[in-house]
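Labels A, B, C and D are assigned to the chains in the order they are written; within every chain, residues are numbered from 1.
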Amino acid sequence: MYSFKNDYSEGAHPRILQRLFETNLKQFEGYGKDIYTQQAVELIKKKIGRDDVDVHFLTGGTQTNLTVISAFLRSYEAAVAVASGHILVHETGAIEATGHKIISIEGRDGKLTSEEIEAVLKVHIDEHMVKPKLVYISNSTEIGTLYKKNELVKISKFCRNNNLILYLDGARLGSALCSSENDLTLNQLANLVDAFYIGGTKNGALFGEALVICNNSLKEDFRYHMKQRGALLAKGWLLGIQFKELFQDNLFFDLAAHANKMAVLLREKLKDLGFSFLIYSPTNQIFPIMPKRLIDELQQKYLFYLWEKIDDNYSAIRLVTSWATKMEAVEAFVRDIKALL
Amino acid sequence: MYSFKNDYSEGAHPRILQRLFETNLKQFEGYGKDIYTQQAVELIKKKIGRDDVDVHFLTGGTQTNLTVISAFLRSYEAAVAVASGHILVHETGAIEATGHKIISIEGRDGKLTSEEIEAVLKVHIDEHMVKPKLVYISNSTEIGTLYKKNELVKISKFCRNNNLILYLDGARLGSALCSSENDLTLNQLANLVDAFYIGGTKNGALFGEALVICNNSLKEDFRYHMKQRGALLAKGWLLGIQFKELFQDNLFFDLAAHANKMAVLLREKLKDLGFSFLIYSPTNQIFPIMPKRLIDELQQKYLFYLWEKIDDNYSAIRLVTSWATKMEAVEAFVRDIKALL
Amino acid sequence: MYSFKNDYSEGAHPRILQRLFETNLKQFEGYGKDIYTQQAVELIKKKIGRDDVDVHFLTGGTQTNLTVISAFLRSYEAAVAVASGHILVHETGAIEATGHKIISIEGRDGKLTSEEIEAVLKVHIDEHMVKPKLVYISNSTEIGTLYKKNELVKISKFCRNNNLILYLDGARLGSALCSSENDLTLNQLANLVDAFYIGGTKNGALFGEALVICNNSLKEDFRYHMKQRGALLAKGWLLGIQFKELFQDNLFFDLAAHANKMAVLLREKLKDLGFSFLIYSPTNQIFPIMPKRLIDELQQKYLFYLWEKIDDNYSAIRLVTSWATKMEAVEAFVRDIKALL
Amino acid sequence: MYSFKNDYSEGAHPRILQRLFETNLKQFEGYGKDIYTQQAVELIKKKIGRDDVDVHFLTGGTQTNLTVISAFLRSYEAAVAVASGHILVHETGAIEATGHKIISIEGRDGKLTSEEIEAVLKVHIDEHMVKPKLVYISNSTEIGTLYKKNELVKISKFCRNNNLILYLDGARLGSALCSSENDLTLNQLANLVDAFYIGGTKNGALFGEALVICNNSLKEDFRYHMKQRGALLAKGWLLGIQFKELFQDNLFFDLAAHANKMAVLLREKLKDLGFSFLIYSPTNQIFPIMPKRLIDELQQKYLFYLWEKIDDNYSAIRLVTSWATKMEAVEAFVRDIKALL
């Protein structure tokens, strides 16, 4: 069974594992106070093109989201997120468990607009309601779509004018930035948001996310929050080494570009075969609509998620590619479909 | 300015204040361990017709809701409520502050259906999502509507079949039970839900809510939860005395019936004058739709909430009556409208 | 049975109940936005001699403590309190339930010193430990002792030099300020601490505490915290009316002075009879040591707490007097002891 | 600089890294639902000698402790721990951040006794105080001491008789079980406690702790708690593979035995040189007392913690050995001391 189920089905890119191998028996200072972590921080700052950001390494996405949001908000302040946002749906109430409400916005194509945020502000007007304070967005989104520069600029301006924190979940930021339709640089992104994380787990690392705090007022004592939430890894250098390797040349972006390339290949081939899609997604997740019979057959040989029932005969499936997806697997998948049509 | 803004604009029914006066200099055991609290508990049990329930007195509605829900749920379990539910909108994230997500259901007329709850269960299927465990309903609802017996029976059955706790917010339970359209007895209600509270603040008491826990498995150590949330009043007998007075004869229901009578009077007179309503509500809140010009004029003499803009010229307002609403005030209000038409 | 068990065994001073009576059927704006609350705030500011403080009225002590401490602290920050501090022992983990650790200091006579706080700071040095941020003291203390001006000045200076918030629990502040040994004015106290509350429940009110926030940086959005913790009373004017009555002349202090006078009377009479005391306390709680046999006899006619076992034959008891304690009761108690010796 | 600072200064045992290498490009199901995790669970059950336990893999110790304790307790229930307990001192209030108080017991040699727990129960008697419900112990303790079988049996019996949960933090369980003075088997330990974890981070793994839940009533829905606390690793097989390797033969115990052997060697050599120790510790942490001057010199070449000042001239230092400590490093350290004496 070959899996298109998600982008964290394999270990790490071999270069990363090689570095862990080479450094394995060296002694390091714990909790991210080692030389590799320091170097990784510097490399990420350089890629971002700003020296005034704080970078912290955490183990996973939910952990990062809950630590960040609880650190940034006072108890009566709330996050705002689109209905399909990961923190709203797939983190078992992790944010609420730290005491904060998430206000859900319908959005479009998995994305928020400033108009919708404004509508939320307009109804949250006094102390009988939570105070919306942090806007959570994901790029690429949970359904593979992308924030274009003008969209993000508009949201960012709105947030700054309204004293809202803009936080971007970058679990799949690599795929977003390397999409052929992306028009945002990492530097622009860092200037538009207050904090974001660069996902390693889904783009070549064994595990790990690099949190970047851009807004000075949010930096203080962040390591206390990490420790309190169980997010300060004892052997912190394991994260430093991985991110150093990802960012010392272009590896992080090369891997994301490969994932996207495989997704484009899948998409184009399926389009050629006449399939339509639930949504247009220019990153590493695609959502072709297929007849139930074909899906059943494909599930004999491939793993993927059934995403949404369209009608009694058709469903959309989700296919996810990654840095590790093999061209041959994509080709075999297409070949198998052709044979089944 | 006469206020139709809400049902907690005056103090207590004079009989209640009289009792507080008479007992004022007596010495009592604190924290609800006094004789009056005990008598009030017994009277409420008798009115309910069940001796196997636990009754606790708390100071206010938000306090009761947050204490109850955090006591009943494990950390990853969530409440389900209709979008207009008080805990979702008007309690400043009090439930989330205790760590629990509230799942919002659209509902109809401020009420949930078992079908909608079922739909929630169907998408919350594994440990990546919260586990829906408690269904929160209000009767009467936040928009004055009523659960009919067959509706509540259906929800109750669904909850029991699916191991869900059914909790009813009775801030305005008096008005609900005394509505001409109500077909539920207090006993039936107690048999259908796992816990509910009988609102005193909005029906004749200075303050206070009587929480009734019907389900044995939810009773244990509830006073610990009360104390931890700051909900164990030092001079607990103040609550006992008030609820004793409300329930030793029919006072509680008489007061609610008066509130309803005033609302019906308002509704009928306004209907006669040709006004339509945002929603049909058979309890002590009504929502007439009026031209903006008329509203502006009325606001010179009366306090009430602007509820919802209908169009550029019309809005719905909310008029709330209570045990203390004077017939003359209702008549004057109608007279003033007539004069302004 | 006459009770010396605590200072919240009776209702309110008759003047207060009278005011509630007179205003009972008037209509008020809810949630403390009424004229009486405003007047009470102004009167308290005047008594304090500062116009730049914020005053909020809450229902009880635990509620006030948990709302204040959770509002003032970030999640990894901790409170520091003496081992006998109310928040450490008798609030069912209310502070921890909002997410904050309380660091216990041994103290002496129920009081902290700056040296002990300094010792705490010295061992809490990095992100593996909580950050001590708020110092909690009670005046009078839980065991009836008093902070003298020089003691409080020293603690206050230390806190300001070390960026610590100083919060004073004034559940029995009336008794403290009216003690013959007190050398602090309300104005001095307000200048030395960042926030404190003036206890009404234990000094003549039916219920209610007046929280005073002196430090500007702690004032923002406090009503959000109140609402979120269930501490915003719907009929807020009930609190305003009570505190207006307590502070519009000298009633609050007269009542506390009476309580102290009764305690001094008890203490002196018992001293004359040869009893010693567990601790010297110049406020409304005294702790005489008595033979077990005598205690057993007294418990036939009086209610009080057994405080601490001294040895097999002797125990300390706690006697608490209040604004409502009758001179005749004190005299009868002493007479009964004499008869039993 | 050679480090004796702690037992997590190096990566993983080479065999473990080798397994990660071999499996790196295979595809796995995420979140611990892979075959290796299943095999690791089975191997651990076999070593324990019980098939009826649940095993979960988490990333680190603080994460495990906070997830476990918040999962096992209701909100008003508290943990009890010795004053030097890791959760009390070195986890930045992680447990309190989930809402629970930890009651501190003085203990002796880093260990609790049932008598001390009983004393806690005796003063926590009603709803004004938290309810002690979980006893937290560490083996080996934070200061290197060991629970002997008779000590643990006594605590266990007391806990069962008093309906308390007994939870053992096994961050250094390997070292405890392999100490020459240990008389407990893993099976006996599992039968005496309700849950414990087997520390991988400090004994040969890159990272990871194996939580074992022995008490049936504590097992339900534990994965929900893990996800909510950010403790469900996306690439869960990384944990499975490591623990499979540690437990498929005797590797876990061999590594711990090596760490102990190195500590014994250090201890005996230092004893021969006339040094005394702060505490007698038969595991992988030792606490020799040395003159300040010697410590200063050693710090030029070695990393270790200054543990406790004895007087102006002497301090105790902490030396920690691990699976990775080299015999030559120990010998060099002793040689250097000799040269400095």
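Please note the rule applied: a residue touches a chain if its C-beta (ideal position, glycine included) is under 8 Å from a C-beta of that chain, and two chains touch if they have at least 3 such contacts.
A quick note: this is a predicted structure, and the numbers were derived from the prediction, not measured.
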For chain D, the least number of touch steps when starting out from chain A: 1
Centre distance in Å when chain B and chain D are each reduced to the mean of their C-alpha atoms: 51
Between chain A and chain B, centroid-to-centroid distance (C-alpha), Å: 43
Touching two or more other chains - residues of chain C: 75-76, 91-93, 97-99, 127-128, 130, 224, 227-228, 232
Topology of the chain contact graph, where touching chains are joined (line, ring, star, complete, other): complete
Residues of chain A defined as touching chain C within the complex: 70-71, 74-76, 98-99, 127-128, 130-131, 221, 223-228, 232
Contact footprint of chain D on chain C as seen in their complex: 75-76, 78, 89-93, 96-102, 104, 127-130
Residue numbers on chain A that touch chain D, as the complex places them: 2-3, 5-6, 8-12, 14, 17, 20-21, 23-30, 59-67, 91-94, 97-98, 201, 206-207, 224, 227-235, 238, 324
